[in-house]
Amino acid sequence: MNVLNEWAFIGLFALLAPVFPALPIAVAWIFRPRKPNVLKSSTYECGVETIGDTWVQFRVQYYIYGLIFLVFDVEMVFLFPWAVAYNDMSLFGFVAGFLFIFLLTDALFYAWNKKALEWV
Amino acid sequence: MEICTGLCALMVESGANSGLAQFMSLLIGVLLVSGVPLVTVIILIWVERKIAARIQDRIGPNRVGPWGLMQTFADMVKLILKEDITPTAADRVLYNASPLVSFASVVLLWAVIPFTPFHFGVDLEIAALFFVAVASFGTLSVMVAGWASNNKYALLGAFRVVALLVSYEVPLVFALLIPVMLAGSMSLVDIANAQSGMWFVVLSPLAFLIFYISSQAETGRAPFDLIEAESELVAGFNIEYSGMKFGMFFAAEFLHVFTNGILMALLFFGGWKGPFYYESPLIAFFWLGLKGSIIYLTTLWIRNTVPRLRIDQIMAFNWKFLVPLSIGNVVLISALLKVMQELQLSPRNFVGASVPEMLPTTIVLFLSNLAIIIYIMGMLRKRGEEMRVSSQQTRRAFVQASGSAAGD
Amino acid sequence: MIPLWMYLAVAAALFSIGVFGVLARRNAVAILMAIELMLNAVNINLVAFWRYSETNTDLLLNGYVFTAFILIVAAAEAAVGLAIIISVYRNRRSVIPEDAHTLKG
Amino acid sequence: MLELNAISIGFFIFTIFTLGGAIGVVTTRNLFQGTVWLMVSLFGIAGYMLLLSAPFLAAVQILVYIGAIAILITFAVMLTRSVTRVDERYIRTIPSLIGSLVLFLILIAGVTIPVFGGHEGAPVVVKTTHDFGLALVDGNGYVVPFMLASLLLTAAMIGAIFIARDEET
């Protein structure tokens, strides 16, 4: 079983996976009643007609959470290989990994100090 | 997977085209493996409803079939016969694609789950990372669903869900780093095999707890389900969905919870390891299923008993507590492990290590984790007390103020 | 086996599309997305060259590390770039780069 | 010239994904759809990395782009999209189109005309994640990039938070 064959399996799986939910939806599409009217197909908000756009103003806090998440997620690019090879490293391996994590934790504490983690 | 290879050989022998035979055997393998989650989800829906009912002192589904076992099929018929409304303002393509992606991303996770040491879809070298990467499609589908509905509440709900999902992914991944580090591999088969001496949950209970809590949040279950809050809000990002498409979001959530249970059994509880697991693959499969189910049942228990948290509490709990704790745990475990290895007290490779070989490592790691847990519990208790006292004072002041106002 | 030049051709096409997006789009976020496309075209090239390079044991991981590094740079660029766009939007109510001309002499 | 097998089929599919998604990004009017197109395109690139036997990079590509950058871009789109709408998509369309076409032709000529030696060989050993991890902390390896990456991310995070935060809070 070589590497590419494994991924062929995953690829086929990924192609087939959406079919499973699509099948019942397709069956439902055949059987379901279809009686749309203007009121039924309008946006379901609070009974009153929708005013204005969906583009309400969002708070910057969402972006800041996304940002911190992005940084920690990207960090995994290096941390996962580091963890995989960890058992075969010397003490220096630990020191390097520690420095790496420490620098990033710094940024987290900066955000904490600046009250950027607060959901106001 | 040997089934596939064997089948392939058989087909080639009987004179079939080798490329076609390979493709057919792959296809059969895919259908076999993907059958497991699809069958499971049908049972899960019944289990979840029954248990929720029992906890709430109800009987639950009991009409269709024995013990209501056929309830799921009745539900499916109902969902099929429901009218499926697509709002006129919605973005049609994305609106319809989103439930498909949501369910497919969870089913796809099962491609890498090993059922026994030798029966699995594929044993990827990067399976752990694959899990996190594929789960991110689920996050994206939530976002797309919320936006494509073109509804203010759906969009707001989707944003809150996504903010929560991405926040809790950070401690989840850091906790995932610990089994990967201890086993020295990202393959789930290797990780389970490396626990022959000692389960990783004993080596680092803290990592398991963090993983457990954040996967509870990742699946949007109570106490982290404010974003959906079925009984109070009108539902979150899936407000505009109806009929089978809504059912798909629901089924995906149920399946995801169980998948997480199986994953935790593999990462922390030795997977299929148990008495006599090497005798027969069925026994190995039984152990994995048992462990996964127990973890799954505890999540149901929590879901039905713990009250919801406010969104600011959820976020503060994650960023100010779980994330620093999980990072600290990684640093602590890696430091102790390296010291033990340098002192020759710990094996460099846990695969096949016996219990006595693992003992010093286990004791040191377990005690250090335990110390941290006790310390944190004390800290939390103190903090909780402070909050309780201050809230009581506020209430008393309020009562006094309103009482004097009434007296006037 | 796919010949190397096919990967490079795809990367070239991707890079050109990205360049077009950067030059022609007006919205700053769209420009940022086009920049991501260009960075990823470079990534295809790096991985392809890594895979097809002559065997040289010392340099076997260069392409790998480069690619990982570009991922990181792309992430940092997206984070800071979008933050700047949000900040400019907050002050000037505009996401068109031409509108941010305070520093023009 | 190309035999029909899993790799060439995969290459074909991923090319459609990559280039189709890229064209979607630069032509769509709606920025949210643009983000989805970008993800389609980057998914195709992850597929290329698989074909080039770098599954780790492929997974990371999906993790970072679809998992994180897509979310971030969407948040930014929503944050900047409520008051003004940019009605025209393009400025200086024709010159940019010509410029990028010329660039494309030059690049295509560069990759198809083998000026810089034509040999191609696959490395004997395909390195694994494990070797990558070891090289990261090897003093002769990539320990400096490893640390620099951390520094870069820290700087980016602090800078972005500083810029994006509301001044009044």
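Structural remarks
Which chain is which? They are A, B, C and D, in the order written, and residues in each are numbered from 1.
The working rule: a residue touches a chain if its C-beta (ideal position, glycine included) is under 8 Å from a C-beta of that chain, and two chains touch if they have at least 3 such contacts.
Everything numeric here is computed off the predicted structure, so don't read it as measured data.
Each step here moves to a touching chain, and the least such steps from subunit B to subunit C number 2.
Of the two chain pairs examined here, A-D and C-D, the one linked by more C-beta pairs in contact is C-D. Overall, the chain located most centrally, as judged by its C-alpha mean against the mean of all protein C-alpha atoms, is A.
With each centre defined as the average position of its C-alpha atoms, the distance from subunit A to subunit D rounds to 17 Å.
Inter-chain spacing, taken between the CA centroids of subunit C and subunit D, is 6 Å. Centroids built from CA atoms put subunit D at 29 Å from subunit B.
Mean C-alpha position of subunit A lies 21 Å from that of subunit C. The set of subunit D residues touching two or more other chains comprises 7, 51, 53, 55-56, 60, 63-64, 67-69, 71-72, 75-76, 78-79, 81, 129-132, 149, 153, 156-157, 160-161, 164, 166. In subunit C, the residues that reach two or more other chains under the touch definition are 68, 71-72, 75-76, 78-79, 82-83, 86. Contact with two or more other chains is made by residues 124-125, 129, 132, 155, 159, 162, 166, 169, 184-186 of subunit B.
Arrangement of the chains shown, judged by which pairs touch: an irregular graph that fits none of the line, ring, star or complete shapes. Touching chain pairs in this entry, ordered by label, are A-B, A-C, A-D, B-D, C-D. Residues 1-10, 12-21, 23-27, 29-30, 32-34, 36-37, 40, 43-44, 47-48, 50-55, 60-61, 64-65, 67-69, 71-76, 78-80, 82-87, 89-90, 93-96 of subunit C are the ones touching subunit D in the complex.
Residues of subunit D that touch subunit B in their complex: 5, 32-33, 36, 39, 55-56, 59-60, 62-63, 66-68, 70-71, 74-75, 78, 128-130. Residues 19, 91, 94, 124-126, 129-130, 132-134, 136-137, 139-140, 143-144, 147, 155, 159, 162, 166, 169, 184-186 of subunit B touch subunit D in their complex. By the touch criterion given at the top, residues 1, 5, 26-27, 29-31, 33-34, 38, 76, 79-89, 99-105, 107-108, 111-112, 121-125, 128-129, 132, 149-153, 155-156, 159, 162-163, 166-167, 169-170, 173-174, 177, 180-181, 184-186, 234, 239-240, 243-245, 247-248, 251-252, 311-312, 315-316, 319-320, 323-324, 327, 330-331, 334-335, 337-338, 341-342, 348-349 of subunit B touch subunit A in their complex. Residues of subunit A touching subunit B in their complex: 1, 3, 5-6, 8-10, 12-14, 16-18, 20-22, 24-25, 27-29, 31-36, 38, 40-45, 50, 54, 56, 58, 62, 65-66, 68-69, 72-73, 76, 79-80, 83-91, 93-94, 97-98, 101, 105, 108, 112, 117-120.
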